[in-house]
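One chain, subunit A, links the two complexes that follow: it is found with subunit B in the first and with subunit C in the second.
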Partner chain A sequence: METVINTIIGALVLSSMYILVALGFALLLSIMGVLNFAHGAIYMVGGYICYQFAVEFGLNQWLSLLLSTLIMGAFGVLLERVCFRPFYGDMYRTIVMTIAIVLVLETTVNVLVGVHIRSLPAFVPGIIKAGAISLSAERLVTFFIGGVLLLGLTLFIKKAKAGQQMLAVSQEPEGAVLQGIDIFRISAVACAMGCALAAVAGSLMGAIFELSPFMGDYMLVKAIQLVILSGIGSIGGVLAGGLIVGSIDAVLPLFASGAVTQAVGLGIIIVLLLIRPRGLFGREVT
Partner chain B sequence: MRAKKSLMVLGIISLTIIFGTISFSTLVTGTSSAAAADTKNLDIGLLVALSGFGSGAETLIDQGAKTAMESINEAGGITINGQPYMINLIVEDTKGSAEGSVAAANKLVYDRKVKFVVGTVVPYSIEAVGTVTEPAKVLRSSLYNCATPSEYGPKTPYTFMGNDGTVEGNTALLTYLVEAFPEVKTTVLVIPDDGSIPHLGPIMKRAAEKRGLKVLGEPVSWTHNTVDFTPIIAKALARKPDTLTLLNGWPAPVGAMLKTAREAGFTGPVTCGHNPCEDILKVAGAAASTNYFATGIVGSSPDMPPMVKKITPIFVKKFGHALYYNYWGFNGIYVLVKAIEAAQSLEPDKVKDSWENMKSIDSLYGRAPMGGAKTYGIKHTVCHPVAIQSLMNAKVKHVKWVDVLVP
Partner chain C sequence: MIETEISLRASGRLARIVAYTAVLVISLLLPLWIRSPYLIHVFNLTLINIIAASSLRLIAVSGQLSLGHAGFMSIGAYTAGGLAKHLGWAAWITIPVGAVATMIVAILVGYLFVRLRAIYFSMVSLFFGIGVLAVNQVCEKFTGGYAGLIGVPVMFAGSKVQNYYFFIGLTVFSLLALYRIETCRIGVTLKAIAQSHLVASSVGINEAGYRVFAMGVGCFFVGLSGAAYAHYFAVLSHSSFNFLASVNMLVYVLVGGIGSFAGPIVGTTVLIIIPELFRMLKAYVPYLFAAIMIIVIFVMPEGLVGLPGQIISWIKGSRERKDTHAP
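After this line comes the complex of A and B, so read on.
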């Protein structure tokens, strides 16, 4: 029972983090057509900024999380204006640009703070015990924050004017422009939101696990897996895809060992894609 | 006609400059060669991951190795057949990958023509480096091994183990564990899925059972890119062990496993060789950092050998810390230099023959017998004493030295 509950919590925490990271990635892909390979590096930088404020400068950890989110959000605006806008519509050049950003960010962190081990202190330390079952408070809070953010983002896209405009741009950019939507402003908002979400995920994961200049590489692969599984262009599908990938990663190691779990996990995704080549919720790309 | 004359003058001037420069540089080189005749350089290659997987620890190894070079050189270098040599360390980044390791080894062996190499740490990297150094007959002092024959064994005759590997370090930990916790009777082995499990698993199972510890089930394995260790630890704890024996892995995953085990309510001792307590504390956090035991030096402890006492303040002065992997890097170079000095030769073949016939060798940690013939099929292991440290209530402490002679 203990194992089952811990595994369920683990699956939910992992899923919410994957979703937070992948949503930013999916937003940029849907709205701007940018395959942002720098997304994992942005996730990593978000974690390090939070660490600098919380540990090096001694600020309150929640305040550090907020500052990290705001800084990375502003960085997202800058990224859109300087790195993506000049190459709007040219996927190959933006890919090269995002790879360059990865190198710059990873190397900068590597040189400035080094590769020595760091971990953010727990946002909520302690263990919650219920009979024989013990759960990490930190993981529960992380899942809760992830859930609240996802709910907020879904409401934003469904209810807010800017969210509706994002949806319009992602579905039919030319039509959106004809309706008077400022596509660059919407792209900047999407980029800011994507980077901010990645920063939140990086900071929370940096507390549960550890920080390293290369921690984003794995998350980027997961984000790509998840977006492909969900279906390119489907922001809502990322939620379902995240739950599937997170659950696979959290549950499979219980039954299989080592590298086999990864092979089986990818195998499941491949089978799902064979059944639905456009992804679970993908639309036809013309 | 005038143009022809001008061209001739220009040609003569150019030739004068060229030959003048050549003669001058020859003179300069000749002078410096003459000046350098007294002391020569002995190039030793160091292969470490300065970027990518494992670079967190291996940059510390780099610091330790450079300190060893400076320390040896400050003491006058080494003398081979009356000729003094200064150690010249040539560092190459393996980038934490197998292909990076091969590229780095190729650079050292074929571009820089080194005959002696120190490194690496991770199994796939050790194996990759061996594909370059062994055919080239370059003598290698490996910093680690996980007991896979492709890393270290009869097929790698030019590889020596300068530092304690998985077997030596964890055998020392098991020896300490059964002494300190007589109530502990069962364990689960947790090993990364890096190809070592079929070799390491049985060796460590025998080592545990020899000490009265029952190993429950097959090893639980994990991959290097595991993010969440909850299912791995849940699987191990479902067998209800008294202790967890974590074999290998860097501080990041090991710290994460300790944290996960404590979050799951496990309070028994957890051991892991070569993953020092100060690093584990940073990853696992203070709340989870208790009842953990590792191999590693606590430089501030009075129970340290003279060499460790001597270099600890040097590390602190230079880097602001004296961490376990610093000592690792230092010892890797130190042992190799001692072997070269003992052989009184710069020929890898002669050093190899001399080293494998030595009964013991000086290490940073004291005199170390040579062993490994039965366990690895090759008597190339420097079996130095192993320091055990504990992490209790977020406090790191040296607890004991354990002698390990691997048969």
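After this line comes the complex of A and C, so read on.
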């Protein structure tokens, strides 16, 4: 019973974090057509900035989380302005650009902090006991934060003007421009939001697991899996895709070892894509 | 008019042949000047990567941007290495066997992935590359698992120079074959498919078949380079074929210039040799790598290969501007 509930909680925590990172990736891909390989590195840097404020400078950990989010959000605006805007619509050059960003970010962390694996202290230490079942409070809070952010984001996209504009640009850029939507402004907002969400996820995951300069690579692959599985251009689909990938990652380790899990997980996703070549909720790409 | 165009094209072709021959002669004579085994080792590494990047470009020409190429390279490497180590086969047999094995896997995979287009293909090939490594770790008996495959018999144990000449031969063979395929009718067909698969199939081109063909041929050569890699390094670690290695190959192609055959050759050479020359920077070397990439994408839209053309047109342009300013 306890295993079952813990697995469910684990699946939800992983799913919510994957979705947070993947949403930023999906926004950039569908709005700007940028395949942002740097998203994993941004996630990692977000975790490290939070670590820097909380552990090295001794600030309140929640405040550090907020600061890290704001800094990465500002970085997102910079990224859009300097790195992505000059190459709008040129996929090859943006790929090279994002890989250069990965190199710069990972090397900077490597030089400044070193490759030693660090860990943020728990945001909420302790265990919640409900009857015979004990749950880690940290995980519950992480899931709660992830859920609230996702809810907020969904509302933002559904209700706010900027959110609707994002949706319009991701569906049909030319039509959106004809309606007087400033694509670059929307891209900047999307980029800032994506980076901020990745920073939140990086900080929270840094407390549950650990921080290392290369932790982003794993997350990047997960985010790509999720976005491709749910289909490009569908932001709501990311939620469903996240639950699928998160559940696969939380349930399979119960039955098999790490490498087998990875192989089977990838196999499931490849088969799903072969059955539905444009993702579960995606649009056709030519 | 037409005659001048033909003669221009012929002279361009002659210039290209002269340039390629000059590069070949220089690289054949290189070990006479450079005695340092370390530098020869760097050259060997460059040659292996040139084969891999050029073969990646052939797949890209058909409109399929593969991000799992290192995974295919690992199939060739582990097949050759495993056969040589466990069964004691000679390198002359295992290298072709590794290449053919990679090709067979690529044809099967390419056939499965033929429905996936553009970015979906890229991403699924990425997952495939990661999946190959995961499977690799599962089959621990044959591949050595996480620790890596140690003790593959080395082909030329004596000196790195012998290896160098072997790799030159292998590279020349691969590049000639790839060049031939790209310039003949098949290459034109592949480019047509990349431009519009609908138009291509409407004029009766077997689009799926050609795309699978491109995958097969491209992966044959990357398997060849992987197998040669196994017999050169003697140790295979799965981290040399990870996702980052695939991305690196793509970067070599893109920085060199994906539009031209010389692109991957130039890109690989520049991006491997320049950081090696500055290796005293140690942990800061990736900055140099990133700086080259950023300069290239900002200044040279066609990649490093386009640089001479850009300089020529820039000089011509400034001369014309001078003429117009003159009263």
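List of remarks:
Here is the rule we go by: the second predicted complex is superposed on the first by the 284 of 286 C-alpha atoms of A that agree within 3 Å, B and C clash if a C-alpha of one lies under 4 Å from a C-alpha of the other, contacts with A are read in each partner's own complex, and residues count from 1 in each chain.
The working rule: a residue touches a chain if its C-beta (ideal position, glycine included) is under 8 Å from a C-beta of that chain, and two chains touch if they have at least 3 such contacts.
The shown structure was predicted, so the numbers you read here are calculated from the model rather than taken from an experiment.
With both structures placed on the common chain, the touch criterion links A:7 to subunit B but leaves subunit C unconnected.
In the superposition on chain A, contact of A:121 is made with subunit B only, not with subunit C. Contact with subunit C, but none with subunit B, is seen for A:86 once the two complexes are overlaid on the shared chain. In the superposition on chain A, contact of A:212 is made with subunit B only, not with subunit C. In the superposition on chain A, A:259 makes contact with both subunit B and subunit C.
By the touch criterion defined above, A:267 reaches subunit C but does not reach subunit B. In the superposed model, A:136 lies in contact with subunit B only, and not with subunit C.
Looking at subunit A, you'll find residues 110, 259, 262 touch subunit B in one structure and subunit C in the other.
Across the interface of their complex, subunit A is touched by residues 51-53, 55-56, 59-60, 192-193, 197, 220-223, 225-228, 230-232, 234-235, 237-238, 251-252, 255-256, 262-265, 279, 282-285, 287 of subunit B. Remark: subunit A residues 29, 35, 37, 86-87, 92-93, 95-97, 99-101, 103-104, 106-107, 110-111, 217, 221, 224-225, 228, 232, 259-260, 262-263, 266-267, 269-270, 273-274, 277-279, 285-286 touch subunit C in the complex.
Against subunit A, in their complex, subunit C makes its touches with residues 112-113, 115-120, 122-124, 126-128, 130-131, 134-135, 137-138, 198, 243-244, 247, 250-251, 254-255, 258, 283-284, 286-287, 289-290, 293-294, 296-298, 301. Residue ranges on subunit A touching subunit B, taken from their complex, read 2-3, 6-7, 9-10, 13-14, 110, 114-119, 121-122, 125-127, 129, 132, 134-136, 139, 205, 209-210, 212, 214, 218, 249-254, 257-259, 261-262.
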